[in-house]
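Shared between the two complexes below is subunit A, which pairs with subunit B and subunit C, respectively.
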Partner chain A sequence: MEGRGMKTLGTRRYTILVFLLFILPAVVTIVYAFYIPFVMNIFYAFTQWNGIQKQPSFNGLDNFKEIVREDNRFGASAIFTLKFGVLYIVIVNALSLLLAVLLDKKLLTRNALRAAFYLPNILSLVIVGFTWKFIFTLGFDFLGGATHLKVFDLSWLGDRHLAFYSILFVSIWQSIGFYTVIYIAGLQSIPGDILEAATIDGASPWTRFLRVTFPMLMPSVTSCFFFSLISSVRLFDVIVSLTGGGPGRATASVTYDIYTEAFSNNRYGYATAKTLIFFVVILAISIVQVRAFKGREVEV
Partner chain B sequence: MTGKRKAVLVLMIILASGLLFAQSATIKWFAFSPEAIDAYNSLIAAYQKVEPNVTIDVEAVQGDYPTQLKLKLNSGDTPDIFVGTMGEIALFAEYSADLTKEPFIKNILPSIIPDVTYQGKVIGIPVKQDIEGIIYDKKAFADAGITALPKTFKELDAACQKLKAKGITPFASGFKEWWVYKHVFNHFMDAATNNSPSKTVADFKAGKAHFKDYPALMRYFDMIDLLIKYGTPRPLEVDFNAEISALGSHKVAMITGQGNWAEAGVVAVDPAIQLGFMGLPTGDDPSQSRIVAGPGHAWRINKDSKNLPAVMKFLNFWYNNPDNATYFTDGIKAFSPLKNAPTPKLQIAVPAIAAINKGDVYTWASNYSSDAFHQRFGELVQDYISKAKTRQQVIDEIEKAWMKLGG
Partner chain C sequence: MRARRGAGMIVLECALVLAALLFLYPIVLIFINSLKPISEIMGSFFSLPRRFALENFSTAWKVINYPRLFLNNLVITVAGTAGIIAVSSLAAYKLSRTKSRYSWALFIFCVMPMIVPFQTTMITLLKLAKTLRLSDSIFGLAAQYWGFGAPFAIFLYHGFVKTIPRELDESAIIDGAGPLTAFAQIIFPLLKSVTSTIIVVDVMWIWNDFLLPLIMVNSSKSTRTLTLAVYSFFGQYNTSWQYAIAALVLTIIPAIVYFLVMQKYIVKGVTAGAVKA
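Moving on to the complex of A and B:
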C-alpha cells in the first residue's frame, strides 16, 4: 500500500481514530444530555426564573445570598439528609454484610433466602413507597385492632420523628438485597486456602473474619459504601410516595427541598443555585471517601 | 430491485404517507381532575359527531400537574388547552390566547369575567364553580339529636359533644393535604374582610398587613384546634381519599375543606348516604358562617397553537351549545360558570343553591395568592398541629412566605 499516491495513516493513529469513532455516539449523547444541561444549570443559578416566563432575568449573587442568610428550610433538609445518610450507610452495610456471611454458609434454603432478600430491590421505589404507605396507615389500623399492641397505634407517618424512621426502614428494606449480593460475591472471591491457613494458625472465627475476610473484602466495601452514599443522597422517591415531605416539611431531604423549590414554589433559578451548592458538597465527600478507602484495599 | 427491497420500499412509503396524513388537526388537551375523565371523554365523543375530522387528545393528571405543565411549556410541547388557578392568570399570560372576541365568552356569567381578565383582555375560561363548606351525614346528626345547624364556635362545640356522646367521631379533616388548609382559611379571610379580601391579601403580600391586626384571622387557629380535638386520631396521616371514605363509611359525621368534587367519592362508598351541607363557623357571629362559592380554575388556550381555529370551534361547542348543558351539572358535577345554567345533580347543591341565590356566600379568597404560597401555608399549619412550632412562630412564617411566594 505504501507505494500508492494516497496518504495512509500509521497503524497507531488509525487505531485511535477507529476507537474515537466507536465511542463518538456515546460521547455525543452524554455531552448533549448531561454536560450541556449542567453548564446551562450553572447559568440559571444566577437568574430569577419561575420556569414559565420565556426569559429568565439575571440577578447576580442574590440567590446564593438568600440561601446563606435566610433559607432555614434548606439547612433543615441538609441536616435531615446528613442524619439519614449516616444511619443508612452504617445500618445497610452492617446488615447486608451480616446477611452475606449468613447466606454464604451452606444452608438448605440458601438460594430461596437470597432470592427473597433481593426481591424488594427489583420493585420500583414508587411502588414500594405506596405499598408501605398503605401498610403504615390502613394495615397498621387493622393490626392495631387485631392485636392491641401499642406499636400499631403510633403515627408512623404523621409524627415528625417516627416518619424519619419509617423512611429509613423502607429505604433499607428495599435496597439491602443489592448490597448483600455484592458482599456475597466478594466473600466467594476470597481464596479458601488463606482462610484454611488462618485456621491452622489458630485463629478463632471472629479473628479470621476481622484479620483475613474483612481486609480482603475491602473492594466490595468501597463499592458498597460508595453506592450507599449515592443512594442516601439521592433519596427522593420514597419521600414523595410515603410522606410527601411531611408532616410539615419534617421529612424533606435536600433533593426534595430543591424539587419543591423549583416546581411548587416556581423559583427555578433559586433552586438551581441550591443544586450547585449540593453538587460541590457531594463531590467533596465522594473524593474524600474514595481516597480513604482505596488506600486500605488489600490485593493478593 | 429484488423482491425483498421492493417490499421494504413499499413499506417505507406507506409509513411516510401515514405520518403525513396524521397531520390532520389534533387538539392536545392537558386537563386535571382525573376523576372527571368520563365527562371529558363524552364531551369529546359528542364533538366528534359534529366534527369527525378533529382528534382531541385529552390527558388528565392530578398529583404533579404544575410540574408536568412546566415541563411541557419548556420543551416546546405546549398543550393547546391547559389549566391554572384563577390567581395565576398573570403567570401564564405569555402563553394565553386573547379570547375577548370569541362568541362563547358572552355566555359566561359576567361576575366571573374580571377574574380571568389581564390587562384588559380575557385570557382564561372558568372551568366551573365550586362550593366548599362542611359536608355532614344527616343520619349522624339525627342520631345525635342535632336539630339546628351550628353557626358559631360554641354551637359547633356543643354539636360535637353530642356526637361524641353517641360514639360518633365528629370530624375527619384531610390534614395530610396542603390544600385543605387554604380552603378552611377562605372562611376566616372573608369573615375578617367582610367578603372583600383582595386588598387585604395584597397588603399581606406587600408586608403591610399582619395577623394581629385581624382578630378574626387568629380564630383560624382556634378552628384548627377544634378540628383536631374532635377529629380522627393521627390527623396528619389522613389524605383526601381517607377523608371521604371515612364519611362514606359512617366513621365520622362531618368533613371540612371539601365541596362538590368530594361528593362522588363519598356516595361511591355508600350510595344510600344522605348528605347535608353547611357553612363553617368563623367565630361568635352566626351570619359569618357561610359556604364558599365561586370559580377556582381557568382553562388557558395556547396562543401559539397551530390549530387555533379548530380549538376555538371546540370551545364554542363546549361553552356555547345548549345541548351540552349537562357537561357541567352531570358530567363534572359542579356548578356551571355559564349564564342560566341548571343546578348540578348533587345532594349538597340543594342547600347551596339557596345561599348562592341570596348572595349569602363567601368568595374563594385563595384565588388571590399563588399555590406556592398555599403549599407553604399548609406545611406551616401542619407544624402547628404537630407542635413543632408555636402559633406565633407559624404566623410569623406565614407572613414571611406571603411576601416571598404570594405571587
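Moving on to the complex of A and C:
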C-alpha cells in the first residue's frame, strides 16, 4: 500500500523515470549505430583523413570538387548502379508477379514449388555469388568444350557487358522468391467474390487481371518496389564475390566504389564525402517514390 | 471444357516442376562437385562422383576451423537477435502507450534510420567502434546489431502494441506489479507474433550478413564468421576449387536445414515484415 502511495506522490518524476528505463536501451543503441556515425560522417566529408592520423585536416569543399571534376570512377559507378537498379526493379517485379500468379493456382505441388523458388533467398549473397562463379567458370568451360556452343565460350565474368548481365541475373535468381512470397500474400488477400463478379460480368481473364487483380495488388507492388529499390542501391555482396568490381572497374557499384575508396585506398575523408552525396540521392529517390505510390492503393 | 482445363493444369504443373528443378540445379551441382576430386570436376562437370573425395571436406573443415566459426555465427546471431528483441519491445511498448508529442518524435527518431543504407555510415562507424573497443570482438559485433535491428523491430512492435487493450497492463500495475514485471508477464507474451517475425527475419539477416563483419571482425581468424571464411578461402585458394566449394557446401547446409525446419514461419514472417513496412 505504501508503495502505491509513493507512486502517486511523485507521479510525474516516477513516470519519466520509468519511461526512460524502457526507451533508453534502444535509443542508446540506435544513436550508436546511426546518429553518431552520421554526424561524424558530415564532419569528415570536409576533411582529408587517411583513417590513421589522429586529427583529420579540414579541406573545405575540396573532396566534393574532386568528385565532381576529376573522379570518373564515382560517376561510372553511379551510372552502373542506376542501370542495374532500373533493370533489376522492372525484371524482378515482373517475373515474381508472374510466378506468384502461377503458384497461386491450385497445383498439387504448390507448396514444394514455392519452397523451391524461395530457397536461394536464405543463402547469403556472397555464397550465392561464389556458387555462380563456380558455374560460370568451370561449368561453362566444360560445356563449351563438350558442346562447342558459342554461349558457353563467352566470358560471362570477364567481359564488361556480359559481367553486368551476370550480376543482374544472379541478383534476380537469389531474390525472386522473396518478391514472389509477397505477391502471393497479396493475391490471397483479394476477396474471391470480387473476381467472381467480374467473371459473371463477362470480363476475360486478362481484363480481370488488369482491372481487378492488379489494382487490388497495389500494396504488394508498393512493398516490392520499395524493397527492390533498397536492395539495388545497396548492391555490394554479389559484386565482391562474382566479379570483384572487374573487369577493370566495369562492375563497380556506388557502394563498392565507396568501400574500396575507404578501405583499399585509405582515403577515408574523401570516401565519406561520397557517402554524403550517396545519402542525399537516396533520400531524394525515397521521397519521390513515396509520393509516386501514395494514393494509388485501392482500399477494399 | 473441364477436361481441357485439367489437361492445361497438368501441363502447367509439369512445366513449373521442371522450371523449379532447373532453378535449383546450380545448388545441386555445387553439392555433387564438392564430393569429387578436382580432376573429375574438370573432366566431367555434370556427372556423379566416381570416387568420393571426402578429403575436400576434411581439408576445408580444418582450414576454416569450421566448429569455431560455426559457434561464432551462432553467438553473434543469437545474442544479436535477442538484444534487438529486448531493447525494441521495451521501447516500442512505452512509446506506443505514452501519448505525447515527445513520444511521437522519439518514435520517428528511432525508426528513421531504417531507410538509410548501412554503407552511408560504415566508415565513421568503424572509427567509433574502434574507439569504444567494439570492433575485433564477437560480442562487440553482436551488440552492434542491436542498433541496426532496432528501428525495424520498434516499427513492427509499435503498431502491434496499439491493438492490445490498455486495461491489461493497467490492472496488473494496480494489482501491485512493477512496470517491468507487468511488461514481461502480461504484454511481452501477447507480442508473440511480432517477436517470431523479428526472429525469422533477423536470424537470416545476421547469420548471412557480410559487410559489417567484414569491416569489424575480419582481421583475426578466430573472430571470423562463416561467410568471411568462405570469402577469404576463395581469395587464397583461387585454383583449389574442390576445397573452396566444399567450404561453400559446409556453409550452405546450416542455412538449408534452418529453412526446411522453419519454412512455415519464414514465409509467414517475411510476408508480415514486408507488408507492414
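Rule of thumb we're sticking to: the second predicted complex is superposed on the first by the 279 of 300 C-alpha atoms of A that agree within 3 Å, B and C clash if a C-alpha of one lies under 4 Å from a C-alpha of the other, contacts with A are read in each partner's own complex, and residues count from 1 in each chain.
Note that in this section a residue touches a chain if its C-beta (ideal position, glycine included) is under 8 Å from a C-beta of that chain, and two chains touch if they have at least 3 such contacts.
These numbers were taken from a predicted model, which means no experiment stands behind them.
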Query = Looking at the overlay, does A:123 come into contact with subunit B only (first), subunit C only (second), both, or neither?
reply = second
Query = Counting only touches as set out at the top, which of subunit B and subunit C does A:54 meet: first, second, both, neither?
reply = first
Request  = Examine A:185 and indicate which partner it touches, taking first as subunit B and second as subunit C; both and neither are also allowed.
outcome  = second
Key: subunit B versus subunit C as contact partner of A:263, first or second or both or neither   = both
Query = If you stack the two complexes on chain A, which partner ends up touching A:247: first (subunit B), second (subunit C), both, or neither?
reply = first
Message = Looking at A:158, would you say it contacts subunit B, subunit C, both, or neither? Reply first, second, both or neither.
response = first
Task = Identify which of subunit B and subunit C touches the larger number of residues of subunit A.
result = C
Request  = Would you please give the residues of subunit A that touch subunit B in one complex and also touch subunit C in the other complex?
outcome  = 51, 263
Message = List the residues on subunit C that touch subunit A in their complex, please.
response = 9, 12-13, 16-17, 20-21, 23-24, 26-27, 29-30, 33, 41-42, 44-46, 83, 86-88, 90-95, 98, 106, 109-110, 113, 115-125, 127-128, 132, 143-144, 146-148, 150-151, 154, 176, 179-180, 183, 204, 207-211, 215, 227, 230-231, 234, 241, 244-245, 248, 251-252, 255-256, 258-259, 263, 266-267, 270-271, 274-275, 277
Note = Contacts from subunit B onto subunit A in the complex sit at residues 64, 66-67, 70, 73-74, 91-92, 94-95, 176, 233-237, 242, 370-372, 375-376, 379-383, 385-386, 388, 405, 407
Note = Seen from subunit A, its contact residues with subunit C in the complex are 3-4, 18-19, 21-23, 25-27, 29-38, 40-41, 44, 51, 102-103, 105-109, 112-120, 122-127, 130-135, 138-139, 141-143, 173, 178, 181-182, 185-186, 219-220, 223-224, 226-227, 230, 233-234, 236-237, 240-241, 255, 258-259, 262-263, 268, 271-272, 275-276, 278-279, 282-283, 286
Query = What does subunit A use to touch subunit B in their complex?
reply = 50-54, 136-137, 153, 155, 157-160, 244-250, 260, 263-267
